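Before we start, here is the structure in question, set down as structure tokens.
Chain lettering (A, B and C) follows the sequence in which the chains are written, and residue indices restart at 1 in each chain.
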Amino acid sequence: MLDIKQVSKFFPGVKALDRVSLVFQPGQVHAVVGENGAGKSTLIKIICGIYIPDEGEVVLNGEKLALKSYSDALEKKISLVSQEIQVIPKSTIAENIMLDKMEHFTRRGAINWKQLNREADKYIRMVELNLPPDTEVGGLSAAQKQLIMIAKSLSSDAQILILDEPTSALTRHETDNLLKLMRKLADDGVTIIFVNHKLEEVLAVSDKVSVLRDGQYVGTRDVEGLQKDDIVKMMIGRDARTIYLGQLDIDWNTTVLEARNISQENTFKNVSFSLHKGEILGFYGLVGSGRTELARILIGEDPRDGGQIIINGQVARIHSMADSLYKYQMGYVSENRKELGLLLNSTIQTNVAITVWNRMLNGIKAISLKQERAITEKFMEAVDVKATGPDQIVNDLSGGNQQKVSISKWLAAGCDILIIDEPTIGVDVGAKEYIHKLIWDLAKVEGKSIILISSDMPEMVNLARRILIFKEFEIVGEIDNLNDREHSYEEVSQAIGQYLA
Amino acid sequence: MAEVNVNQNVVSPKKNSNSGTGALAKLFRRNDMGVVIATALLFLIFALVTDSFFTRYNLFNISRTAGLYVFIAMGQMIVLVIGGMNLSLGGIGGLVVVAAGYTMDSMGWSPWISVPIALAVGMLAGAFNGIIIVKSKINSFIITLASLFIFTGLVTGISQGFPYTEIPKSFTLMGRGSLLGVPYTFILAIVTLLIMAYVFKFTVIGRRILATGGNLEAAQLSGIRTDRIVFLCHVLSGLFGAIAGLLWVSRMGSAQPATGSDWLIISFAVAIIGGTALTGGEASMLALFASAILLTLIKNGLIMLNVNVYFEQTFLGLIILLAVSIDRIRAMLHSSTRKFGRRDATEA
Amino acid sequence: MYRKLSKPLLLLVILMMVLAAALSACSSEEPAPPPESKPAESEAPAESKEAAQPAESEAPAEKEAAEAEEKTAEEAPTQEAAESEAPAEAAPAQSEYKLVWYASAPHPYFEEVLKGVEAFEQEYGIPVEKQIGPDWEQSSQNERVEALAAQGFTHFSIYPSDASGANGLYEELTQNGIKVVNFGASTMQPTTASFVVATDVKAAAMQATEALIQSMGGKGKIINVLEVLEDSNTVLRKEGVEEVVAKYPDVEIIQEISGMTSVEEAVEKIGNALSANINEVDGIIATGFTTSVGIAQVLSEYYDTGGDREIHAVGIDTDPTVMKAIEDGVMDGTIAQNPYGHGYLSLLALKYMADGYEPVEGVYHIDSGAAFVTKDNLDTYADDIMAVTEQIKSELTTKYLEK
């Protein structure tokens, strides 16, 4: 039994955890949920010894823990499988699993590979990975790497297994398998702490769910009989609305962007579609189905072998994002905001104004700092970025606020066409709603034309008024009657499911 | 003084609760103040401890060497800031020196023709690095390592190791002359630093350079033509190297082909102690300036103090360590005041 | 993926082709160096005379540069040519002498030595395989010399890149019956090299110090500028300077600086040392090449900017900057070594050994002599050195070698 007693943790200016108490029982899958910045990560890090609590204590089976580092935690059979998958790509599966135990498999200083592989294979079977132990890890899928990490934890005989957003990079099928495995491990007596945004998954697998909000403990519920809305309510402190946003005023006669027979070696073959003025066009599909890849061709960042891109009736020559932005007012909000969307170590101001520096020059061709600040403040207000000011470093913001900054950049640029890729990944519920409203208003109020790329089905149903379904670099279907009337989630997902089948 | 501090790590300077600290504290909180403080302290110490330090002749020499260091360091800073590096900087310096020497001595051309040619040689060498890095997408470390050999080989090949001695007297004005006791070299360095500070803070191109260094892919996806930026920075690196080389020729009154052989360490030391982030995206002209003086001061001071020649390098290393740890101490002091200040505020 | 790669790859291929083309152009431009050796014969005396007068180079500096250029055209390919043609041309058959002259890296000093080597070639009609390495690393010297030995060369005149490191190379060579003579600098003793033809560094340092103290009137304070302490020769020079100073009770070394490998560093450090002692320094002495240039530079600047203290200075070697400083009265003098002799005499000794001579028991040093150059003998000192060379030449088979 893992007992968290009145634990607090402070960071400069922030109470990350405020007297949180929680009990985790063996043999249970215990979910911890909360919005970004609610304190989930801090709690996990305290349990794993990465952070040392400022107040309170952690008690494991009656023994007070004083962990100084993650290796202390491993000794106590506490193991973490984290969001960022940490495998050594050039090594084999067996090596990755047995990394910290290599010395047990040596004979006169040399590693006994046979024995090592045999031992690793045991755990590989346990997590149902079904691959030879000497496979190199680099080429495996995210799900397989995730399983390797779990196998590694199991090989250390972990009694407490913490899974931090383990499904964020997995496909539906892979997720199902992972959840099954979690259930099995819990039934074997392991304590599983499951941190996740996706409440459907939480409900599907957990025995208990605890909610954190703003660093404080809100409550723990038995999952049985619990509804998703109940959890959301606990997370955001009020009822979540399921919204029908209404109809868009789409000008079906004006095609702002048309892709004709786009082809690329080994991927696309004659893909065509068109985007109309004031429309939100959804690209739905799994990761790797060609949605983002097509977007990158549109903005000129990846080459195409054939086909044409026609913008406002004219054949467009786009060879880079710069062409796309400055010649055709087409913007792209990246799915990977940390790596591709933002200058994390720079200020909000730099990140917002980056697309418009050349538009705020004063008489002597110098950037007007005043204007730069004014523009930043304007958009920070418009999209409701919660920060201490334009000078705050973006890295210090929460995921939702980072995403808002990432979008602001393109709002500031005044793009007519906006490709928005997975706008709410890693964003908490409150911010998600706000971002949805923002995207909607861009189309509805300002008449912008938007391509929305998302694998979040409710998001698609809420926002998109036409959905193209992607599978293996092809558009396999189109749902085009969403602007006529309100459609239920089930209705749409069923239709999509038919195309994907 | 010149300063660029795009990434001010100051949380809410306006609303900060710890009052009574004033402008001085605000200055103290700046990221680039550590090296400035260290330099000022060292200057004070040397001035007090040795009597020949604070003489006109010595100050003249120090400031002139520091001026030269500034250019050498700028050649490195401008590529560090985009997350690259230029190992061939010294090779470029040597090439420029030989170009200047060859045209003025062997060809007998006027400096008015030679100098532009030499500068062009430097920029071309930089462009050579830049174009290969951009087109091949190979790490700048590898490319410039290769070009270092290419350039150094050209230098020894063309000059055969001989210095060019017939440099017109008029050309030595820049390296030897002074205005009101301040060497021209030093003045030129300050002017260039001011220009670069302005470029980084107020011009689109400067901002784009910093953005490219901050996150190349994100910058590219924000509509910045990062290839051009990378290319430009390497050309500028060549230009700064060329200026440093020419200043050296001007000072020596002869063109020594071995010039630049010790630039590699100087350029990295000054640039990095001067607050240029190795990861790119950050540079402070003020700190760079202070750090150029710091390094000159240390070398000068060690001789002033007549330290044991056998252990000289050890002392040099120790003082550099001490100087950079001042910055850590400053940062620690700063963050602890910030932390407590904030805690008080939340408690209150 | 392939698309992304194809462009840079193409670029690389083009780059390599350009490089290859350039290299082949370089080597084909000079089809065969050998013919040069014959017509050069008539030029020989003139050239050797010039070689003996490096000091003069100051006046017709342009000429010197032009000469350097000529060298670029003539000598540069030797290295390449050597690899491709030497085994075919020079080494086998044509001559029973298989002589090599090997210098560490391009340097003005070696150019002077080379003149002595060429004079030897012309005088005796024996071709010498002349190579200049790429850098001062002992390892690259090893590689190249070993390659030459593998080609069948038997007698080597080598400038040791590293005074102790080179001994390892020599041991291997001599075990295979190859004779080695050091020129310019000695390897650490004991060594398997038969001779060293070089300036006696300690004696030269003593001579320089003596001259400096004389010019200071027998008293005063001195800054001693050493090059790099890792070099065993520097240590000998340091001893030399200190021994002479010890003889004069009124002379004192007030500061010693070292660790200078480039003129840039030398100028900075000497400038610093001068500032540190500007109110008491009377003399400054350098016993290395770069440091002497440094002194010339710093003192010229000092007087140019209105410095009025009388500072005596003595250096070593005849770099144009130093010679000009002497001419201008900025420095009192310099020690001129005998690079011509280093080349000429080391090869002559090797030739004799190839003819069957053996080194006289216990003889290792061939002091190539040195002359003190002042403003007064700027034009004539070269003759003095030449005389030393002739003197040694005449004694070579009596004093140093025997059958």
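As a convention for this text, a contact is a pair of C-beta atoms (placed from the backbone, for glycine too) under 8 Å apart; a residue touches a chain by one contact, two chains touch by 3 or more.
Every value quoted in this text rests on a predicted model; they were computed, and no experiment measured them.
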Chain located farthest away, centre of chain A as origin (C-alpha): C
Identity of the most central chain, Cα criterion: B
Chain centre separation in whole Å, for chain B relative to chain A (CA means): 41
Interchain centroid distance [CA atoms averaged], chain A/chain C, Å: 68
Inter-centroid spacing, chain C versus chain B (mean Cα positions, whole Å): 35
Chain B residues within the chain A interface of the complex: 6-15, 198, 201-204, 207-208, 210-211, 214-215, 217-225, 281-282, 335, 338-339, 342-343, 346
Interface residues, chain B side, partner chain C - complex: 50, 52-53, 55, 57-58, 60-61, 65, 105-106, 108, 132, 135-138, 153, 156-166, 176, 178, 248, 251-254, 256, 258-259, 261-262, 299-300, 303-304, 306, 309-310, 312-313
Complex contacts: residues of chain C adjacent to chain B: 7-8, 11-12, 15, 58, 61-62, 64-66, 68-69, 71-72, 75-76, 105-108, 110-111, 134, 226, 229, 255-259, 261-265, 267-269, 271-279, 293, 297, 300-302, 304-305, 307, 319-321, 324
Contact set on chain A toward chain B in their complex: 10, 12-13, 15, 299, 301, 320-322, 324-326, 332, 334, 339-347, 350, 354-355, 357-358, 361, 365-367, 369, 388-389, 391-393, 409, 413
